[in-house]
Amino acid sequence: MSEVLPEERLIGAIARLILDPSRPRARHVAIGAASPIPSAAAYLAREITGDLRVSVLYKRRGNPFTDGTGELFDLAAQGRIDLFFLGGGEIDGAANINLIGIGEWPGRTARFPGSFGSAFMYLLVPRTILFRLEHSPRVLVRRVAHVSAPGTSPPGHFRRGHAEALVTGRAVFAFSPERARFTLVSVHPGESRESVRAATGFDYDIAEPLSETPAPPARELALLRGPVAAAMVPTYPAFAARLWPAAPIARSA
Amino acid sequence: MSEVLPEERLIGAIARLILDPSRPRARHVAIGAASPIPSAAAYLAREITGDLRVSVLYKRRGNPFTDGTGELFDLAAQGRIDLFFLGGGEIDGAANINLIGIGEWPGRTARFPGSFGSAFMYLLVPRTILFRLEHSPRVLVRRVAHVSAPGTSPPGHFRRGHAEALVTGRAVFAFSPERARFTLVSVHPGESRESVRAATGFDYDIAEPLSETPAPPARELALLRGPVAAAMVPTYPAFAARLWPAAPIARSA
Amino acid sequence: MRLLDLDRLAALVPAGATLAIPPDNSATCAAFARALVRQGMRDLRLIGVPVSGYATDLLIGAGCVAEVQSSAVSLDEAGPAPCFTRAVKAGTIRMLDATCPAMHAMLEAAAKGIPFIPIRGILGSDLLAHRPDWRVIDNPFAAGDPIVVLPALAPDFAAFHAATADREGNVWVGRHRELAVMAHAARRTLVTVERIVERSLIEDEQLAPGVITAAYVEAVAVAEQGARPSGLLDEYPDDAEHFLEYARLARSEEGFRAYLARHVLPPPAAAAE
Amino acid sequence: MRLLDLDRLAALVPAGATLAIPPDNSATCAAFARALVRQGMRDLRLIGVPVSGYATDLLIGAGCVAEVQSSAVSLDEAGPAPCFTRAVKAGTIRMLDATCPAMHAMLEAAAKGIPFIPIRGILGSDLLAHRPDWRVIDNPFAAGDPIVVLPALAPDFAAFHAATADREGNVWVGRHRELAVMAHAARRTLVTVERIVERSLIEDEQLAPGVITAAYVEAVAVAEQGARPSGLLDEYPDDAEHFLEYARLARSEEGFRAYLARHVLPPPAAAAE
């Protein structure tokens, strides 16, 4: 097998988080629009377990939503989505996310697209994985300028779960909602505790020993480059073609 | 033209109420299930004006509801239904209707089917016509045993309208919500003020002069026996066949 | 999705469960109800969405029902529901009266994961006095505007009949959107269908709008003509004669037993084997 | 139903109106937005259901917009919405930020004729502080359970693009149920379609579940490829190149003018006649 691509390592790391045996088992993972890496990770997790429903928003073939663009949120509210992914223009050390902007409300210095479903999904879905490829002090900040969705909530606020992890282009963090604080658990090849420290605007703990984010084992890599790549083609053709130019013809997925 | 049937007279009387020029113009009339006479009246009103939407619940061809059995109520709540028909196991002199039953709740002496949408539609639709073929002291009572839907509401209760009339197999009454009281305005052929009095359990006023419920004029009768009869065939085949054995082939309606 | 036979599907419902079912004009689960009768179901708490008819009356007559929540129970053109009427008068079932849009709204609240939903109307109806679970609050956006609020209603089970399901468990219900709401609101949804199709129902943009996706569907069984005596969209019409036969027989306990023997229970020979 | 040409359809919207539109991936009314630009629309108050993209950015760039209420404005894979981003930073439009399920819920409340609707989540978000029209109340069914309530949102107009309409004004929108909610909630609904069909869309049980009936539709215009550069279900795919061209040009005021001249405004020769 050829060398493991950085994206493949991320996909493998996220699939492991989805399947984390210490967490409640995910039966249904939903993925928002324009999220190729989380989508591939969910498909990989499905291939590994053989028993995971993966609903990708705006999927171009076999779109699982037949009840309009509100259905994802209704599914989540009903408790039928176990795990979701969120990102942020800014993410802070307490797992607050900002998709609004910077400077005076509603983003007079920098404006992000907007909060999408984050203010809802973060509280309604039991398990959240934060994902943002860019790992820099401007994204990972001490305190977000505006809170689209809060990392933790006071007692009495209806909330089903929190972020479990933050995955970036440099590292993987675990999140403790009790302490409202991240712990660095692994760094990707080429990164060190120092390079991550320099690229991160918030304080965090460090797991000891700090490991390197592992590559997917050969069996997972084969799944990734086979059925997962095929499942990705219809919705993410450019992404699939870039990573896996020899990807098999898409199957219904 | 052959003699006017009692049902045709009722249909004509109800069509005139729908088109009453002293009332806000109805653009959309909805009819509940199993209501052939109100349906025919609405179709006749449509033929007369040429500009009236008639939505018949559970229509067997060209069913106008595509959003489930709740759509009628949403349309009403949106203010898109101008006129609706209600009946009652009991109807009292203040236009309260009872579709629950008689005796101890929920109808230990006599049980009616239930309130259907009445508790909602009576308050949400601007114009209501009460229709009940049976005109007897057991139906038209002084005071209903249980109120499925109130004839009038205190100030402050959200309400868009009231009953305008009560049409029975014997007579037509007008209703005044200010006075919470009916006025007998016409009696059908064969009935008198005395026969109606004897068959009515509630007090009411009497219009002077008291008229006979008129037969539909020739032009309306022609519409009734032509396009209206045809429109009735798909949903009310038995009713249409009984009244108009020579009814033309159904058109889409 | 699990593909079961009809009796195994019905066996998923335990005694005492809340079960939402559609009325006779909306993909009613008639064959499923007959299967519940055959297995001696007890203490069902039926929810009519928003009303109910044949299936509810049959289950009441067969002694399967403890409670009915509905806006009405009737056989429509075949007249009143005889077993229901008898049971209410005898006080042998608990009846929670409602009004159609309230039934829809309580299920929609569950489908949206909200604990309650406001509704206009109802003020001044005696329904309110008999529904302590329905409250009146002040509209938080306008002073002096009392409004009814209803709790979310999440049935243990929803059951209905539909035309087709595919191998993934997607079910085509056509314009019966109330069935989607039931499925979204219920914890577990059991569906009988005319037939299983081999192609995916959600890949076809023409079919997709009428599809409840597999995410909501617990199990499916094939039951041909499973809505009978009700009709099913353009598949088959109502069997008006059967409704009249049922209405006539169910008028007496004895007649109802005859109906069960003729149309619901296995033939005595088979039972004796 | 009135069948108009595209420009007359757009002319029904007066300056200052609230106008609900879908995002780029859901039957967006792109041709309709271009017609609004051509007629020099002013002071529109756009409502993204639940987000918006190309049409909103184009209308903002052309100076047609006073206010945007949306959960996001973005060109998705083509990047941020350039005119929107500039206008927010410059303070030339009023932005009411929301979150997707709240946009849906506010419209659903209007569609159900209820003055408000509760929603879970949102507590702890700064959205709340900037939406004085969103309130937090105590759940009337449970003590110590604060919950957000949203007011009903009934837009003056809803506009979207669909595949087909029939002569009665029934419109087939397929699985885009959010368009039905928009149409139910809005006072007047304007629709562009690929084509008018001669048969009734509600007589066909296969099509009916995807149909918004004529009761909600004010007027229809034919606009072939009217969602472009967005795709439309299985009719045609997105034009990714056009999105990229727009994103590139709209990065500057000058480039945006060039885009308008190339794709939106009538050719100068025609304009001079």
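As written, the chains take the letters A, B, C and D, and residue 1 is the first residue of each chain.
Here, a contact is a pair of C-beta atoms (placed from the backbone, for glycine too) under 8 Å apart; a residue touches a chain by one contact, two chains touch by 3 or more.
Here the structure is a predicted model, which is why all the values come from computation and not from measurement.
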Chain pair with more C-beta contacts, B-D versus A-D: A-D
Chain located farthest away, centre of subunit C as origin (C-alpha): A
Distance between the centres, which are taken as Cα means, of subunit B and subunit A, whole angstrom: 59
Gap in Å, rounded to a whole number, between the CA centres of subunit D and subunit A: 29
Computed distance of Cα centres, subunit D from subunit C, in Å: 37
Subunit B and subunit D, separation of their C-alpha mean positions in angstrom: 40
Multi-partner residues of subunit B (at least 2 other chains): 63, 65-67, 74, 77, 124
Shared-contact residues (touching 2 or more other chains) in subunit C: 108, 112-114, 119-120, 145, 147, 175, 177, 180, 208-210
Chain pairs that touch, as defined at the top of this document: A-C, A-D, B-C, B-D, C-D
Residue ranges of subunit D touching subunit A (in the complex, touch as defined): 23, 25-26, 49-51, 70-74, 76-77, 80-81, 84-85, 88-89, 91, 95, 97-102, 104, 108, 119-127, 130, 144-147, 175-181
Residues on subunit D engaged by subunit C in the complex (per definition of touch): 105, 108, 112-120, 135, 137, 139-142, 145, 147, 149, 151, 173-175, 177, 205-210, 233-234
For the subunit B and subunit D complex, residues of the former touching the latter: 28, 53, 55, 61-67, 74-80, 124, 252
Of all residues in subunit A, those that touch subunit D in their complex: 33-34, 58, 63, 65-71, 73-74, 77, 99-101, 105-124, 146-150, 153-154, 156-158
Touching residues on subunit C, where the partner in the complex is subunit A: 110-114, 180, 184-185, 200, 202-203, 208-216
